[in-house]
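The following pair of complexes shares a single chain, subunit A, combined with subunit B in the former and subunit C in the latter.
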Partner chain A sequence: MILSPSDYKRGTLQGIESLPMSSGDWMIDRRLAALERFETLGFPDRRSEAWRYTSVEGLLKQGFTAPAKSSQRDRDDGIQNHLLEIATLGRLVFIDGQFIEEHSVYPSEGVRVTSLKTAMATGDRQVLEAVGSLSGLGDDGFAALNLAGFQDGAVIRIAPDVRLDGPMELLHLSTDRVEGHKLPTRHLILLERGSQAELIERFISEDQQSSYFNHQVVEISLAEQATLSHKRIQMESRQAYHLSDLHIALQSKAAYYGVMAAIGGCWSRTFISNRFQQPDAHCELDGLYLVDDGQLTDFHLDIDHQLANCSSRENFKGILRGAGKAVFDGLIQVGKGAQKSEAHLHNANLMLSRQAEVDTKPQLTILADDVICSHGTSVGQLDDQAIFYLRSRGLDEQRARALLCQGFLAEIIEKFEHQALIELLNRRMNFVGLTEPETNHESLG
Partner chain B sequence: MLAIKNLTASVDGKEILKGVDLQVEAGELHAIMGPNGSGKSTLAHILAGRDGYSVTGGEVRYLGEDLLQLEVEERARQGLFLAMQYPVELPGVNNMSFLRESMNALRRARGEPEIDTLSFMKQVKEKARQVKLDEKLLKRSVNAGFSGGEKKRNEILQMAMLEPKLAILDETDSGLDIDALRTVADGVNRLRTAERGMLVVTHYQRLLDYIQPDKVHVLADGRIVRSGGKELALELEARGYGWLLEEAAA
Partner chain C sequence: MGQTNSEMEALIAAEYAQGFITRIDSDTFPPGLDEAVVRAISERKGEPEWMLQKRLEAYRHWLTMDQPDWAVINHPPIDFQQISYYSSPKQSPKLESLDQVDPEILATYEKLGISIEEQKALSGVAVDAVFDSVSVATTFRETLAEAGVIFCAISEALRDYPELVRQYMASVVPHKDNFFAALNSAVFSDGTFVYIPEGVKCPMELSTYFRINEAKTGQFERTLIIAEAGSEVSYLEGCTAPMRDENQLHAAVVELVAMEDAKIKYSTVQNWYPGDLEGKGGIYNFVTKRGDCRGDRSHISWTQVETGSAVTWKYPSCILRGRDSVGEFYSVAVTKGFQQADTGTKMIHIGENSRSTIVSKGISAMQGSNAYRGLVRIAGKAENARNHTRCDSLLIGDRCAAHTFPYIEVKNPTAKVEHEATTSKVSEDQLFYCRQRGLTEEDAVSMIINGFCKEVFQELPMEFAVEAQKLLAVSLEGAVG
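Right after this comes the complex of A and B.
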């Protein structure tokens, strides 16, 4: 049964009631305005271009109407198992969508970190006012619902000219307690003038069977000459639903380097919008996805060049297996005033089976005349000649295929830079297992 | 070591090999020459086990075994190596790791332990220097973006590292300048031992200025139409292939 928007409204209102109230009427008003917007918009369906290839029916059938309750768990539980061997400057841990102070470590100087729940409790107006400044009330029903009902999140502010010499981590861990619930969170990442930071974000599930809806909106604002390297790995439970909206705004000479991996979840969508607010800014997005039976992964990019001298480069690659499905919809718009823009968009797909399906739609609309732009897409299979070459050097066929799959994604995997992340990805993607003969499906020879 | 008897093969129903007979003993180096399209690469590929060819008759014995029954990788593990005419580019597959993995696959098959990092590094650097392959290319993806000459040097490097029992080189000399040609020839000469067989496919005589073959065969229209010593290569250089084809047709 598909629940009605009013069921979601009710669940969201319940969630709002559970929140600390000292933020006063002002924040509540904003939430109610967003809720109203949700009622106007409703959930998107395939009639809207942005959702043409990605059905939300399965998600809505699950009825994730209410947010998960505050985690009651013993907080000393096994978080250690999920930590990486990376020397981080700080770590913010969210369990079941709630910020967990006890597991979080803050960097010492030049960084201010607050949880949104704390900001709400203390009525930190400066922080709260920034919420939604890039996303607005929401372009679709999901986004509006998130603003109305978000439960927690992180606010990270890097002070002017502070250059952090190590990464900070945002870890999102879900337990089996979130079964049947949504986890609406938001983050605000603000880099002030001349600052530099690296953020590693991971989404993991303790229980590979649990079904929940992780719904996150991230607003990233880079002031003049700020640089952010943002690494994001989504490896939720295979029954989980994941929706991320990233809104990036860049001022003059700012640079955003994002690299995303979507491996888990049964349904996963990442929407990335990039706005050049001033000339001379740079945005790079790399991404990889791996889909198998029962998985859908969607990447949606909206790169808007309206000002001169900005550059962007987007490169997304995916491997599809079994009856897996992927959607890539990348839009670059270069406006009239955006002379001397450079924009390149590419999407490549490696199909390991005949049942797999990809809808790829790179789009480039250019109104300025003095620009360098390109876009392209490819859908292919493993190359027989390459397999022969590897086997002729003594590697067995499965290993040859695994190496080629890994090689296909290598240029993206490299962008994760840290050995621990690269190993994590390689292990999780299990390239050898990937090339095992499929039992229920006819695989390509 | 290698005995090919009356081998016939076709591609897409078109007969390419029309009865090839060839015998290579350990310690021997044979050159196969012939005009373009005569089936030289087809023969080399069939020996290495590449898909897409149907062997319609004859047999190939390698070290006493029925070669055509073996999987591609089993042939490699039993010491057969093919330096390809068109080495394949493998983006994202690191050249050095691949070489090491390949070496270890062969060592495992021989019941030997895997090579340790230090010995491997020492060997690969030394041999890369011998074949004049820029060390930087070891760290790159296999053949990706390599020039024609670099690809061929990389094949010779693999051959030197894998130390095959039977090495087949398919036009490794094609498209090379004289310096690269000498490097390839040196690579081949360095590997000549009493135990190793070599089959060098070449379109031009000039490689044989640097490599002394024990026998020269001419493959034309799917058959070996003439075999002889080194002097046959010189005669081909002087007279071309035409006269042989006419004689064969007569």
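Right after this comes the complex of A and C.
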């Protein structure tokens, strides 16, 4: 069923009415303003440069609607199956887009954790006013619709000079109950001056067949000298649609280290916008993607250097198999007066099959002169000589290819640091299976 | 540095050396464009009916199109009704030799240092001089004729070889291709036609010097070069225009067709009036250049040195249809003052084992803005296609801008595509090294910049390489330091 924009508007309005709203009219006003923006923008299409290679038709055809009011849950929701063997300091669990207090644990000192739903119910104006402070009303129709209709999300605030000595986890679990639904959520992450934290985020589908639309907008604000290490793994069902918008703002001497893996979903797009709000900040982004039959993965980076002495480094690598399609768009902007900026971006793609397609578009827009900027992209295949070498050492063809694929992504996988995450990724990506001769397609010799 | 400052200031203030207007009686249409103008141009040229129909078809399509706005360029809107679409220097009916050419025109070339006699006598370059819109002098015709090479104005070709023109014109750049190509297809004034028969290696470098002269006269050149199987040709295009306050529009179309084993080398040095240092005046240059590697093992190479024009919008492209075909693009683009360049290339790989190389060097100085925009597309059938792209930007001054927008689309897993880009200023270390070896700051910068561009310059034919280096030096005078 294809919904019209006015259907989306009506659905969102109903959603707004059902929300707890002791915060008064101003929050509703903002949602309505976002809705108006959605009406103006509509959904993006391929005429828009940012969506040139990524069609949203398939997504819109699904006609995802907001879920009915909080559905019944089982006691443990299978959460036990997805715990990591990592000593985490805390875990925030979202099931079907809703914060589940009883599965969540978090340190009480130095960290303030709450959910947006609670903030709305208690009228926590300080929290709610931060919603949309980095994203605005939304740069595209999806983002605007998210602000208008979001239901819940995490609020994590690390107090000044608190250095957490272990990771916090954000776990997003989707069950079969969200079939046909969209899950608009938002997170607010704020690191106060001099604080340090590590965040592990995972997106998991309990049911590998369920089709739903996970749309998340994350606003991350790092105050002076704060450091955040953010690890994100998207491994949703192969029927799921996933859209993440990350807005990162860094103040003086703050550093953001993000590493992203996108291996699930039939359609997955991650947009990362990084703004240096003060000089001397640093941003690093690494990412990997693996696409197979019927999958589209899109990474969009917008690294904006408007102030002097900031540096950024981006490195994204992907493997394409079957009739998979990958899109990469990495924009580095250096504004007037942003002298001594340093920015480097790299994107490499490994094509394993005939039907795969990759569209990559790194961009540099530079308006200052004392800068060092570079970008590089490559598209290639496994090196026959390398395969020959490995075979001469006794590996069979398939193992040799698997080893090379794993080696190709290794520098990104290593950035996940924790052995449990590295193993999870290696297991999930199944490098040996990856290089098995394809059944439906002609594989490359 | 202090010492050289005053010299530099003098150089900054230096007026555009080629800025003079040749007074000559012209037969010029009043400004404006409608079907009657298109018909009148065609009639004036004595064109066959089919050509008129093609022009009209293009004109009608153009009316339905909007001017593209995606490039990183800003300029006041162009009023297409304020442009005169035809201008022809008055001339005696048929010229036998150079003596019959209007001495003023010849004097113009002398001033530009491209005297036809000199070219004829010394360099062995055949020059088809396009003065505004009508070719007035053609040299070396006989030598070329002996080899079977056709090198003439497109209006002549329409008269003498209508079937050839009809077969190939618009086969590479159809009128629907883009806004400016449609405009050109409707109103093209004149241009160059080159036909190299099978197996012939063109005995000399072919060259056309363009000169925009009449005030308010848009120049709509149309160039068509056909290289039959096994042939080879090198074509040089160089331009310079007089100083004007109003912006002049130039929308040329260049089509190249290379059959089996043919090789076309197309070199451009563009030094049109860039406008003054306040950004007033200057040429608007909206060009569609495309080469079609139709045959197996065909080879098309574009080399350009762009130092002029207020606005440059130009993407010389290669369609690599043939197996083992090769496309190359070498570019140096310099922008200073308020110049804006949005330039690059497209390499469309269709044939197996097709290869392409892109080397783009952008230099932005003062408030200049330079954008590289390129597309590398590997189609599903292009087995073992290979592309290497390198684009570097050099920044001089803190108000300039450099942009890089490569698009890479790969639909074949056997492809190898690499793209690298860097943006930086002249390195302090390099400068320091040169300075401590006794070079002045300006010489040091000039040397570093020449080194930066060398990869492209060495692709230029000899005479052009020298000219290009001079041009680069002149263009950047006053901008460095």
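Heads up, the rule we're going with is that the second predicted complex is superposed on the first by the 440 of 445 C-alpha atoms of A that agree within 3 Å, B and C clash if a C-alpha of one lies under 4 Å from a C-alpha of the other, contacts with A are read in each partner's own complex, and residues count from 1 in each chain.
Convention: contacts are C-beta pairs under 8 Å (C-beta built on N, C-alpha and C of every residue); 3 or more make two chains touch, one makes a residue touch a chain.
Keep in mind the model is a prediction, meaning the values are calculated, not measured.
Superposition model on subunit A: subunit B and subunit C are shown accommodated side by side without a clash. When the two complexes are overlaid on their common chain A, residue A:395 makes contact with subunit B while staying clear of subunit C. Counted by residues of subunit A touched, the larger count belongs to C, out of subunit B and subunit C. Once the two complexes are overlaid on the shared chain, A:339 sits against subunit C while remaining clear of subunit B.
Once chain A of one complex is fitted onto chain A of the other, the partner contacts of A:432 are absent, as it touches neither subunit B nor subunit C. Of the two partner chains placed around the shared chain by superposition, neither subunit B nor subunit C is touched by A:3.
When both complexes are overlaid on chain A, the residue A:403 reaches subunit B alone and has no touch with subunit C. By the touch criterion defined above, A:381 lies against subunit C but remains apart from subunit B after alignment on the C-alpha atoms of chain A. By the touch criterion defined above, A:13 lies against neither subunit B nor subunit C after alignment on the C-alpha atoms of chain A. Across the overlaid complexes, the C-alpha centre of subunit A sees subunit B and subunit C at an angle of 70°, to the nearest 10. Taking all C-alpha atoms of subunit B against all those of subunit C in the superposed arrangement, the shortest distance found is 16 Å.
Listed in rising order, the residues of subunit C touching subunit A in the complex are 70, 72, 378, 380, 393, 395-425.
Against subunit A, the residues of subunit B that register as touching in their complex are 48-51, 71-73, 75-77, 81-82, 84, 87-88, 90-93, 98, 101-102, 105-106, 109, 141, 158, 162. Interface of subunit A with subunit B (complex): residues 383-386, 388-397, 399, 403-404, 406-411.
Interface residues of subunit A, counted against subunit C in their complex, comprise 49, 53, 320, 336-337, 339, 349, 351-354, 356-381, 444.
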